[in-house]
Each structure stands twice: as C-alpha cells, then as structure tokens.
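What follows is subunit A paired twice: with subunit B in the first complex and subunit C in the second.
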Partner chain A sequence: MQEHVQLDQKQINKELLNGVLQMPKWWPGATAVVLVIFIVGLCAFGYMLNKGVGVTGLNRPVYWGFFMVNFVFWIGISHAGIMISAILRLTQAEWRRPVTRAAEVLTVFSLMAALMAAPLVHVGRPWRADLWVFPYDFARGVWINIRSPFIWDPSAVMTYLTASTLFVLVALLPDLAIIRDRSKGFTRVAYSVMCLGWRGTPRQWKLQAVAGILLSALVLPVFVSVHSIVSWDFAVQIGPEAWHSTIFAPYFIIGAIHSGVSAVATVMVLMVWLWGWKNYITPDHLDAIGRLLIIVATTWFFFFFLEWVFALYSLEAPELAMRDLQVFQWPWSGLFVLFLLTAFFIPVPMWLFRNLRRSLWAMFISTILVNVGMWLERFLIIIPGTMRRGHMIFDWGSYHPSLIEILMVAMTFAWVILGMLLFSKVFPLIPLFDIKEAMVGRDEIKVGRKTVPASIRE
Partner chain B sequence: MHDGHSANGHDAASVSRGLLDRHRAAPIARRIAALTAGVLFLLGIAGFVIKLLDKGTSDPSAWGYYAALVSFLLTAAGGAVMVAIATRLAKAHWRRPISRASEMFAVVTLYTFALLIPLLFALPSLSDHRRSLWFFGELNVPGYMPHIMTTLSFFFLALAGLALLWMSALPDLASLRDSSWGLTGLFNRLSNTWQGTSRQWFVQYHRLGILGALYFMMLVTTHFLFSMDFAMALVPGWIDALFPATHAHNSLHAGAALMLVTMFVLRRFGGYGDYIGLDQFWGLGKLMFALSLLWFWFWFSSFIIFWYGAKPNEQAVLELLMVGPYLPIFMAAFILNFLVPLFTMIWNPLRKSVWGPTIIACGVLLGTFFDRVRLYAASWSVAAADDKHTLREVPAAIMPDVADVMMWVGGLAGAVLVYILAARVIPIISVWEQKELLLYRMHKPFHRLAEVLVLGKKD
Partner chain C sequence: MAGEKWGMVIDVDKCIGCQACVVACQAENNIPINTEDLYNQRRAVQWIRIERYWEGEFPDVKARFIPVLCQHCSDAPCEPVCPVFATYHNPEGLNVQVYNRCIGTRFCANNCPYHVRFFNFWEPSWPESLKNQLNPDVTVRSRGIMEKCTFCIQRIRRSTRDAKAEGRGVEDGARELNPACVNACPTDTLFFGDLNDPDSKVARMSAEETGEHGRGYHMLEELGTEPNVLYLKKVDKNAKEASHA
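Moving on, here comes the complex of A and B:
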C-alpha cells in the first residue's frame, strides 16, 4: 500500500526549516565531535608535510595507498547526487523530491574530500599543484603534459564540482527566499543576497525549472566522464597488468553509483532519525531506492564478473599472480571475502524482501555495509595491484597503513559529515518548493476497490 | 472519482472492439508485404545453398557475412523486446500501445536461433587451441563448448521471449477465443483457461515481471557468449573485457531503433495512428538518443585503453577492426550510430516528431549493420591464423559476394515474414493494456488551466 500524506504549505515550512531556524539538541555535540576529528586529521596532514611522505606506509612498489583508495571512494560517493537528481529528474520519478538536495550536497562535499585525498595529500607537495595546470616555464614555453592523468583528474573533478555546486545553488534559490522572509537583521541580509532577488514570479519559476532540466542534461556527460577518467588513471597503464582492462570505466562508474546511491539511502535514514522528517521520507521512498539499488548492484556484479572472467581469459602470468594474491593470500583473501559479502551478498538478498526495504534499520545497516564493501573493493584493486613483484628483490615491499594515513582518511570522512551538518544549519536539506510542488501535483485515482496515487500531467 | 472513461470518449468496450476488428481485418498491403518477404526469403535460401555448395563449411572466412547477419538479428530483434520490458518496469504509461509490437520480436529471435544452426558448422572447434572462454586444454572440456553453450543460451533466450509474448498476450487471446473469429481451436489452446479472475491477473503481473527479468538475463548471457565465441576468440590477441557489454548495449540501441521504425510502419501503414502518437516517438526517441551517447562511451572506453597502452597485440586489433581495411565501414557506423543522433536528436522539435526519430532510427539500424559487418567479417577472416596469441598480419577486407548479399536480403526478409505472420495471430497492440490505461487516467479541471491529465501508478 502506498502512503499518501497531504501536508499544507505552512506545515512544510515549519517542519523542514526546523534545522535552520532552530538548533536541534544533538547538533552542537555531533558537530564538535566531527570537528575534532577533522582537526586531528589536519594536524596529521601538517605533520606529513613537515616530515615528508616517509611517515606514511607507502613503500616500493606500493606507491598508491590509502590516499588513492580514499580518492576513488569519494569520487564514487559523489555520483550519488547526479544519479538521484539529474537522472530521476529527467525521468520524472516522483520519489526523488525529498532526497535530491541531500544527494547533491553529498556530491559537493565528497568531491572536496576526493580533492583532499588525492591531489592535495597524495602528491606530497601540494604547493606545486599549479604546475599541473599552468606552463612550467612561461619564458621557454614548457607546457604541461596533457596526456598525464595529473591533468585529467583535476580538470574532470573541478568541472564536476562546479557543475554540482551550480546544481545545488539553482535548486536552493526559492528555499533561500523562504528563509529570508522568516529571518531578521543580518541573517535576512545574508539570505537576501544569496537568493539573488527571488520573488517567485512566473518568469523566475520558469527559468528555474528550465535551468534545472538543462543542468541535469548537461551534468550527465560530466558525471560519466569523471569516473571514467579516474578509472583510466589505472587502466591506461600497462605496468600493473591487472589494471590494463577496458572494463574499468563502466565498472568504476557502476561501482560509484552503487556506493553513491547507498550513501544517499544512509543519509535518508539519518534525516528521519535526526530531524524527524518521517512525513517526507516514507517507507515508500526507501522501497523505491531499495529497488533501484537491486538493479544497480546486480549490474555492478555483472561488470565485476566480466572483470574476473577476462583476467583469467588472458592467462597471463602477472595477471594470474595478482588475482592469486587478491583471493588466496592472507590478509587480502580475508578482505576479499569481506568485500564480496558486504558489497553484494548480504545487502542484495536483504533488499529482495519488501519489509526489509521499507525498514529504516535494515536499510541503514545494508547501505553502510555496501560502502564498507566498496571501500574495500578500491583497496583490493589498488594495493594488490601495485604489489607486483619484479626481478629485483629489493623491490618486494608490502604495505601497512601508518597512523598518519588512517587519521587523514578519518579527516575526509569527518569533512563530509561536518560539511553536511553545517549545510543543514544554514540551508534546508529537503527542498521545500519541490515538496510543495509534489503536494499540488498529487492526486488519487480509485481503481476498483483500490486507491492508487496519481500525479498531474499538463 | 473516476468513472473509467477517457476524455476522448473511448470506453473499454469500444477500445476492445476497435482493436480486435482491426486485428481481424487482413489489408491487402499486409498480404503483399508478406508475399514479397516470402519471395525474398526464398532468395536467401538460394544464396545459402550457393554459398554452401561453393565454399563448404571448412573455410570460416566465407561465412563472416552470414555471422554478421545472425549477430545483427540477435542485436536488433533481441533488443527490441527489451523496450517492452524496461518501460513496463518503469511503469511508463506511454509504453502501452507499443509493448506488444516489442514483445512480438521474440518470434524473430526464434527465427534467428534457426539461422544460428548452420553457423555452428562453420565455427571451428577449439582443437586449434585458440584462446577461449572455455580454457580448452587447461580444463577438460569438449572442443565444441562454444557451439554447445551458445546454442543453449540462444534457445533459452528464444524460449524466454516466447513465454513473455504468450503470457502478455493471454488476455487478448482469450478475447479472440470468446469473439468466435476463426482459429477458435488455436485460440482455445493458446489462451489456456484464462477467465480474467483476480488471481489470474495477480499471477499475470508477477509472471510478466519475472519473465522480463529472465529475458534480460538471457539476452545479456547470449550476447556475452556469442560475442566471445563468434568474434573475439577468433582474433588472436583481442582481449577486451568490455566487448560483451558493448555488444549487449548495442542490442538495446538497435532494439530501440527497430521499435521506432516498427511504430512508424504501424502508424503509417497499419492503421494504428489513433494509438501510436507523439508520446511514443518522443519517449522512445529520448531513450535512443541516450543510448547513442552511450554507444560512443562504450566504444571510447575500449578504444582509449588499446590506443594509449600501445601494446602490439592491441594495436593489431585496432588495425583490424577500426583503422585498417574496415575503416570506411567503421566510420559509417560511427557517424550513423553516434554523430548523426548527437547532432540531430539534441534538438527538441526533431525529437518530438514522428519523422525525425524514425529517420535517425533507420540510420542507427544501418550503422549497427555496418558495425556488425566490420566486427564479424573481420573476425572470421582471421580465424585460421597460425599465431594464437597475437595477430601478426592484418588480412585484407573481405568483400561480400552475390551469395552473401542474397543471404542478407533473404535473412532480413525472413525476419519480416515471421513478424507479419505472428501479427496475424496475436493482436499487435495490447488490448488489455490499452483498456487498463483507461482505469489509470482521468481529466480534471485544475486552477486556471482548462483541464489536466491525471495519471495513476499502481504499486
């Protein structure tokens, strides 16, 4: 049975602005905790800058460690916003409405976390980052190497960050005007500036709607290109043989959607628990995202299967050695089993049951498990992939993450949570105008003895 | 409250009567089309016999174009069924007038399965120790594993498609049974014990969902096996993990295009203009446009790895399939499958028309045809290479002979023929889905607008 809760505009304003106009009790404590973790991580970063990357566990031949794992992971999470917002908006899926904003914001902060994880931290000397983008030497005309992933990644990620931020801003305008009308003094001035003179005229609504659709359509190619480019950082190399595979771009993208949509589901549950928005995020919404996740997870598993089949198909010794390391050598074998269980074999069977899809706890646990699994997936691609043994035994190092790396990984998680918390204090996490539009365009049709939800189409 | 009447005055009885009457009519145009297709099909059989007598089955390079034909039919007809499955899954109401026409392509898949059988005799066994999915020599498997597995997969794909078609047509077959229009015995058998009870409808919806999922899985599996064993494994050094997925994606792309062309024919020549309107062309046109963009992405994802990596075996594969002897038809495929849709379908007025998406869809089908020719004719031309791990010498392009052309024309005509024959038995527009739509739509006044359409979605 689908739920149909009709809310009036006053109630929507009151309930959805409760995090902005009032201070939830849990908010200061939660913010303080993640802020402390973030600062500790920053200190670890400072320490690494002072001492050099020797304080990390990176070692010959494993030059890509936790930072790169984290980079790929956060890029993956960033696919949540576009998947939920752009694709569901273009396909006119009604259930998207309460989750689009949170998903878009998650995209913005996770992209920043990704930038922190790789270009900023991983390279060791971030102050020289300008050399990837600008000529090395103007006078002698030494230009950057456009065939280097160091150019591809920042270009792709910055484009995606710009587009995603625009996406959030355009959708925020009507809601900012509502807050403006309910605030006083400096706050009113600040919101007046931010809402760019929004008055809600028919022309403004039309432009806002068109901008949303155009941005949705334009951001989709960017969305596809970003993770493709990240995957090509790996796949265009012929060094680590296991990476040189044509499957990487779609495999990374579908994996990113798997982890990103799962992260959105986690955030949806948290929004119900923390802000009490159960009238807006109902079991129907969890059911819909659960169904979507079944399709996404199964497609991801198909690409995972293809990657393995072709790894074996090649019958090349280095490739087989790497697969042997991943699956049969401790501790990778244990992590591999854990990865498969958490990324697919536990959550997907759970989602097949309607009751579990509609349960807050079950969705929370299953989607957290997915992201544990997807983080491990990236770890198992990168670490055993780089741990190839050459002819020289001095090169046969392994990898043990140092405390400094662990703290910096925690820093990125703290950053995303902190960003979401701060955002929720200043802006509504559920788009008010979208919910109101849904209420206006919502109807019911009686079919036999059953009443089914309906929507108005002009 | 909703009274079950649509705004344009149709009620369930008139929809039923109108569609079944049209189904019973046998217009002369359809007879001429069936006759022409039948004659051309015979021409194709003649071409096949000529080829068999002239070349036998020992030289795989002689059968490259025939392999491309089988692949093309699997790609286009197999994918066309997915239009009904995907849109039903998404609960899109605009699918209703076209879902049956889409499911009807299952009979073409069965026909394609019949065409596969001769190809099995031309495909070499694994005893030449080529690299294959079956690890012949490493594992104790028979040398005919590709033949066995592809046949099984193809068979179950056709079976799943036919089961889906039959299940979906059950209520309409029962209507035909009850309306005493000839062939009563056949309709009695086909409609089984359908009475339209609540339980039967409940089971019907569930079975359609399950069969749709099963069909999709079989389609992906069949593309995986066929693309591997009938193309990639024949070219030494061709290791492209994305190729099976690309093959399956191409199927969805060509399937959408084939459905657009079919819709056009039904609207223009079949007398179904009242049912198949702009909504259907717009909806499917958007889908085909998105799949055209994905066509490029799938191709580029493979291409950049091979090109950037610069490994000798991968460069040789690029030379064979793209930039070498088959460059002109690769360019044609690239232009028709990607560039033309990109620069035309991006324009909303064209997308929201009947002619625009149809013309682009014809281009996509032609592009898919070129793509299959360059992949299969090229692969089958190197099947007898000595080096099993790297393609040492890129063979010259194989040009089609008269028998190849006859087989292609006859093969396509045969597909048209079986489709027309199936449409003679099963209504090409799903009557029950059209009637169901009446329950889920209503018109009502809304603010200052005169009237809006309200569409319901069931659980």
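Moving on, here comes the complex of A and C:
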C-alpha cells in the first residue's frame, strides 16, 4: 500500500537536524512575533492582577468565561500526545513514527497553557495557587477539599504533564547523543549532560524501549481520566442548565481526541512546510491520520447527538430555554452554525476523498477548521450555560469578553507556538532513532531469488 | 439539646417591594455602594434582592415581588465544589463563607441555583464621608473573593453571647438577634429564628404552612438543596377567576 523511500542514515541525520544545527530563515521572525504576543498577554495578566477580575467581561451570573473555555480547549488539544504516542504505539501503527514527538511536545505545552488558562488567571487570588494547584498539604487536609473537581483537575493535569514530559525525555536520549556528536564547545557539553551518557549500547537501547512501552501502558488511564475530570467541572453542577449530564465525560473525551488529533495533523503539515521534511511526513501519513480522524469525528458527532437527545428528552423549561439560546438567538445561533460546519460538516466530507486526505493544503485547512469548531463547542457549552436561562428570569445573564480576556487567550496560543518553536531549535521535532528503526524494519535482503524482510517484528 | 438551626420564613403575600431590607443589609454588612456603573456591569452586590416580576397584560398588570437571599441550604450545592473549604456548613445550620480561605474560583457561585453568591470584582471603596459608618463587627471583603448573606452572623453571635453571659436563652424574634433585613421590613414579611426550637415563631409557621393546605414552599425545591428559608406564597384573590377565564 505505502511507498517507501529508503534513506541512508547520514541523510536522515542531516535533514532532521536542520532546525537544530542550522537556523531556519523564518525562525527568528516567527519566534519574535509570538514572543511579542505572549508578552502583551503577560502585561494584560499583570494589569488584571493589579486591578482585579473586574477588568474581564465576567459578571453575575456569568462567572466563568473565556478562561474556562480556553482551559477545556487546551486540555482537549493535549489529548493528541496520548492518542498518537501511547495508543498508536501499543497498536503498532507504523505511521505514528514521525509525529510522536511533535504530538508529545504539543501535549506538554498545551497542558501548560491549560494550567495558565484556568487555575492561574481565572481565579480571584492567583497568588494562592500553591495551596490547591500544587497542594503541599494533601496529607493534613487543611486546605484541600477533595470533593471539589477543582482539586481533581490539577491532580489529573499534573499526572498527565509528568507522564508526557517523561515520554519526551526518554525518547529524546538517543537523538541528543547524535547532536552531541555533531556539535562543539559549550553546545557539546550541554548535550552531553542532557543525553545522560547515552552510548547506544544494547542495554541502553533495551532500557529505553522498555521505558517507552511501560510509559505508554501506564499512561493509558490518563487517556480517560483527564478529560473526564475536566468534564466533571461542569457535570457536577446543578446551577447552570444543561451541564448536569452523565454523558459529559465520554463526550468530552472523544471531543478532546477529535481536536487533539486534528492539531497533530496541522503540526504535521507545518513540519513539511517549515522544515521541508517531506521525505518523512508523506501523503501516506496524512492519509492515515485522515482516516483515523473520520472515525474519531463521527464518534464525537454521535456523542454530540446523544447529548442533545438526553437534554431534550426531559422537556424541562430551563433546559429548553438554554437550548433555544444556543441555537436560535443571535449571535449564538451564528456561532452554532459555524461550529457545526467547522467541527464536522466541512472537514469530514473532505476527509472522505483520498485526494484531499493526501493534500497538504486540504489537511491543513480542514484540521484548523476542526479546532475552530471545537473551541466554539466549548464556548457554546460554557457561556450559554452560565447565562442561567433558568426559572429565575429576573437574573438572566449576558457576557461580552473584554480586551484583557482576549489578550490573555491569545497569550495561551502564543505560549504553545512559542514553546514548539523553542523546542524545535534545541531538539529535533522528528525522532531520528524512530525513523531509522522504521527504515531498518523495512530493509529487505535477498535470499536466493526471493526478497524477504530483514527483520521480524515481534 | 440539639443546638440551633437558624432559618427564615418569607411571607411573599406581604412584600411590597420597598427594598428597605436591601438597604438595611447594605448598611449592616459593609457592602460597597452599588453605583449605576456597577449595575451596568451586572456586578452589583445585593445579599438580599427583591426580584420583581410583571404579571398580566397592560392595562391589567401586576407587579409581583419576591425577596431572594442565600437559602442556607442543608444540602448546599456550593459547599462540595469549593477546593479550599472556603464555604462550609456550620453546626448551627448556616452556610458560612470564610473570606480568608477563599481564592475566588467562583465555582460555588456557578453552582448556586439561586444566584445569591457575589464576587468582589473590584476592591471595595466608600466615599470618605461614609467610612466612619462601616460596621466594626463585619469584615470588609477584599477583591477576588466571594461573599454572600450570612443571616447577619455577627448579630447572632453577639446576642447569643450576651444572653449566655446573663444566664438566659435568646429571645425568639428579638431585634438584636434578627438579621438587619428582618428588622427593617415594614410589613413583617420576613421572620427569623431557630427552627429547632418548637416554640419559635419560624418553627410554628413552618409547621403550619408546610401542611397540605399551607402556603409554604421552598425555592427550586425539585433540586433537593433543602433550603432553610421557607417562602409563603401569595394569596391571590383573582387566581381562581383567572384560571377559569
């Protein structure tokens, strides 16, 4: 099915380290731009620290706004890592190889963005984050109310962040050694330290492989736990309408995979465009991720449909009022149509065509659309919910995000892009050893008249 | 002795919507002045508010009032969701907010079906001329934390302490025990007292009115929050005719 270009080791080293050992032309400019956006966002945060949460558009009863939307969005994106590197690794999907690291790094930085978006800037007293985000006294139970989903959240996110960081580090070791061997002076010393004395002995390779597989297996519970817990931030509540639903956990998880895998596809296209790695990320890879996305998107759409069925089945007045707001009231109605089109009805039909799945532009546009749609999905769940179209019609709310909030949302996006760019300058975004392993796995030798695989996969 | 369980009865039939309770609460509890600007931002703080609903079509239109304050739910949705125990249930049946613990996640406010929890979006401020009027018994809340009706816990504390020192029980319905809103109400709409004391006015009223022919109901009862505020519904003389028409 797949055409393979066999590349020799030298060429792999040269091409995949082009971002690290040389400076791509576009890199300084792009980094400077996102750095400026990030700093502007930090200034906005500083302004909010100084003046109070009043500088946002939040009010009573819309107490949760853009920050929460962003939190859920980034946690969703972070599901890319676990899907690509753990699930696809354990199912031995060959096409994962060039994207595992990019997916994991995306996970690490989007989890940090999520931590930035909710616990740090969302609350009234961010300087107390150490008391509950990084609970120092779990054992004494003085500060922590473990019944609160806001305690489960940081625990789940921190677990995931730790696991993903370990993933990235373990997979980096052989590549760091390659860079060490090709650099001089201080850089060489730095990489020598970072690669922890990697010599490429059989024992080291074995340990590294075992660590990777163990991490993949151990991290599997996180696959369901993280976004379930995020969904319970909402599902445990009886205040806002339409949140108190048991479907929320699986619905959020599959939505997270939808947005996460799409984000990985976007990154794949960018890697071809920016670093020119078209020998490594081929149309076959895009084809494979496109087919995976059709299944994920359709499952997600099924859950979305179920959520609506469960909501409308009771025919309760507040629930109906909230749904009416979501679907028929301007501007929510416009956003709702946009959300349906971008999250499902434009991208999925596109992926059904083989030519479009194999086209860089088509995959880039469709996966960006998915993430626009998935951002809107969270927005349409959270904001109309908090507007409280309940029985107390005297108190119905409305919400307009302020400039400060928008800047801080932009800050989280800038942070993720900045993180990826900085990472790509210091470490190779495509795992060299993994590519070489694949090449070896595809080597063929002649036995008599027959050509057979040189190695057998266990 | 089972201890106290403070509760309130609100006779909606008597409410004339004068907002005296709102002003009294504002003064007693050091609530910053709700300026027009704050109302436009939808961030006004009113621990007790009068909700006004219009009923009927012009010209036959009626204003209906209902005072809404923290219901001090026995099974309060705001309590389990707070990550730092800033809100909890005290042994006297009060839903208490600990300002110093609060970190301002606003989770409690989100989960309150009655919308009676308020967030301090700004640092509170008063005109110079009003600073000496602040109540020394009540904390001034800084920005970034939640606040809500306490049933004037400072008044409950002072009157029970004084009563204990003098070796007597707290008098039911005494002015020094009642929250400020109850004292200020000109039409006796609000009643406050110990629901565990069978002789107290609130206990007797709730016993009478929660029966089959009583007017008592709890707000949003179907959510199962078990509020300690009992509402007595309006006696509408025209209700029957309206339903026939």
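What we mean here is this: the second predicted complex is superposed on the first by the 424 of 458 C-alpha atoms of A that agree within 3 Å, B and C clash if a C-alpha of one lies under 4 Å from a C-alpha of the other, contacts with A are read in each partner's own complex, and residues count from 1 in each chain.
Methods note: a residue touches a chain if its C-beta (ideal position, glycine included) is under 8 Å from a C-beta of that chain, and two chains touch if they have at least 3 such contacts.
All values derive from a computational prediction rather than experimental measurement.
Asks: A:453 contacts which: subunit B (first), subunit C (second), both, neither?
Replies: first
Asks: Scan A:236 for contacts with subunit B and subunit C and give back first, second, both or neither.
Replies: A:236 sits against subunit B and subunit C alike.
Asks: Have a look at where A:224 lands relative to subunit B and subunit C in the superposition and call it first, second, both or neither.
Replies: first
Asks: State whether A:54 touches subunit B only (first), subunit C only (second), both chains, or neither.
Replies: Once the two structures are laid over each other on A, A:54 reaches subunit C alone.
Asks: In the superposed arrangement, does A:323 touch subunit B (first), subunit C (second), both or neither?
Replies: Once the two structures are laid over each other on A, A:323 reaches no partner at all.
Asks: Is A:390 touching the first partner subunit B, the second partner subunit C, both, or neither of them?
Replies: Second partner only.
Asks: Look at A:310 in the shared chain and tell me whether it touches subunit B only, subunit C only, both, or neither; answer first, second, both or neither.
Replies: It touches subunit B, and subunit C stays clear.
Asks: For A:247, decide between first (touching subunit B), second (touching subunit C), both and neither.
Replies: Touch partner of A:247: subunit B, not subunit C.
Asks: May I ask you to decide whether A:358 touches subunit B, subunit C, both, or neither, giving the answer as first, second, both or neither?
Replies: neither
Asks: Using the superposition described at the top, list the residues of subunit A that contact subunit B and also contact subunit C.
Replies: Common to the two interfaces on subunit A: residues 147, 236-238.
Asks: Mind listing the subunit C positions that touch subunit A in their complex?
Replies: 41-44, 51-53, 68, 77, 80-85, 101-107, 109-115, 118-123, 143-146, 220, 223
Asks: Subunit C touches which residues of subunit A in the complex?
Replies: Answer in residue numbers: 51-54, 58-64, 122-125, 128-129, 131-132, 143-145, 147-151, 233, 236-240, 386, 388, 390-395, 397-398.
Asks: Where on subunit B does subunit A make contact in their complex?
Replies: Residues 1-2, 90, 131, 133, 135, 138, 220, 224, 239-245, 293, 297-298, 301-302, 304-306, 308-311, 439-442, 444, 446, 449, 452-459 of subunit B touch subunit A in their complex.
Asks: For subunit A, which residues are in contact with subunit B within the complex?
Replies: Residue list for subunit A touching subunit B: 1-2, 91, 147, 221, 224, 228, 232, 235-238, 244-250, 302-303, 306-307, 309-310, 312-315, 443-448, 450, 452-458.
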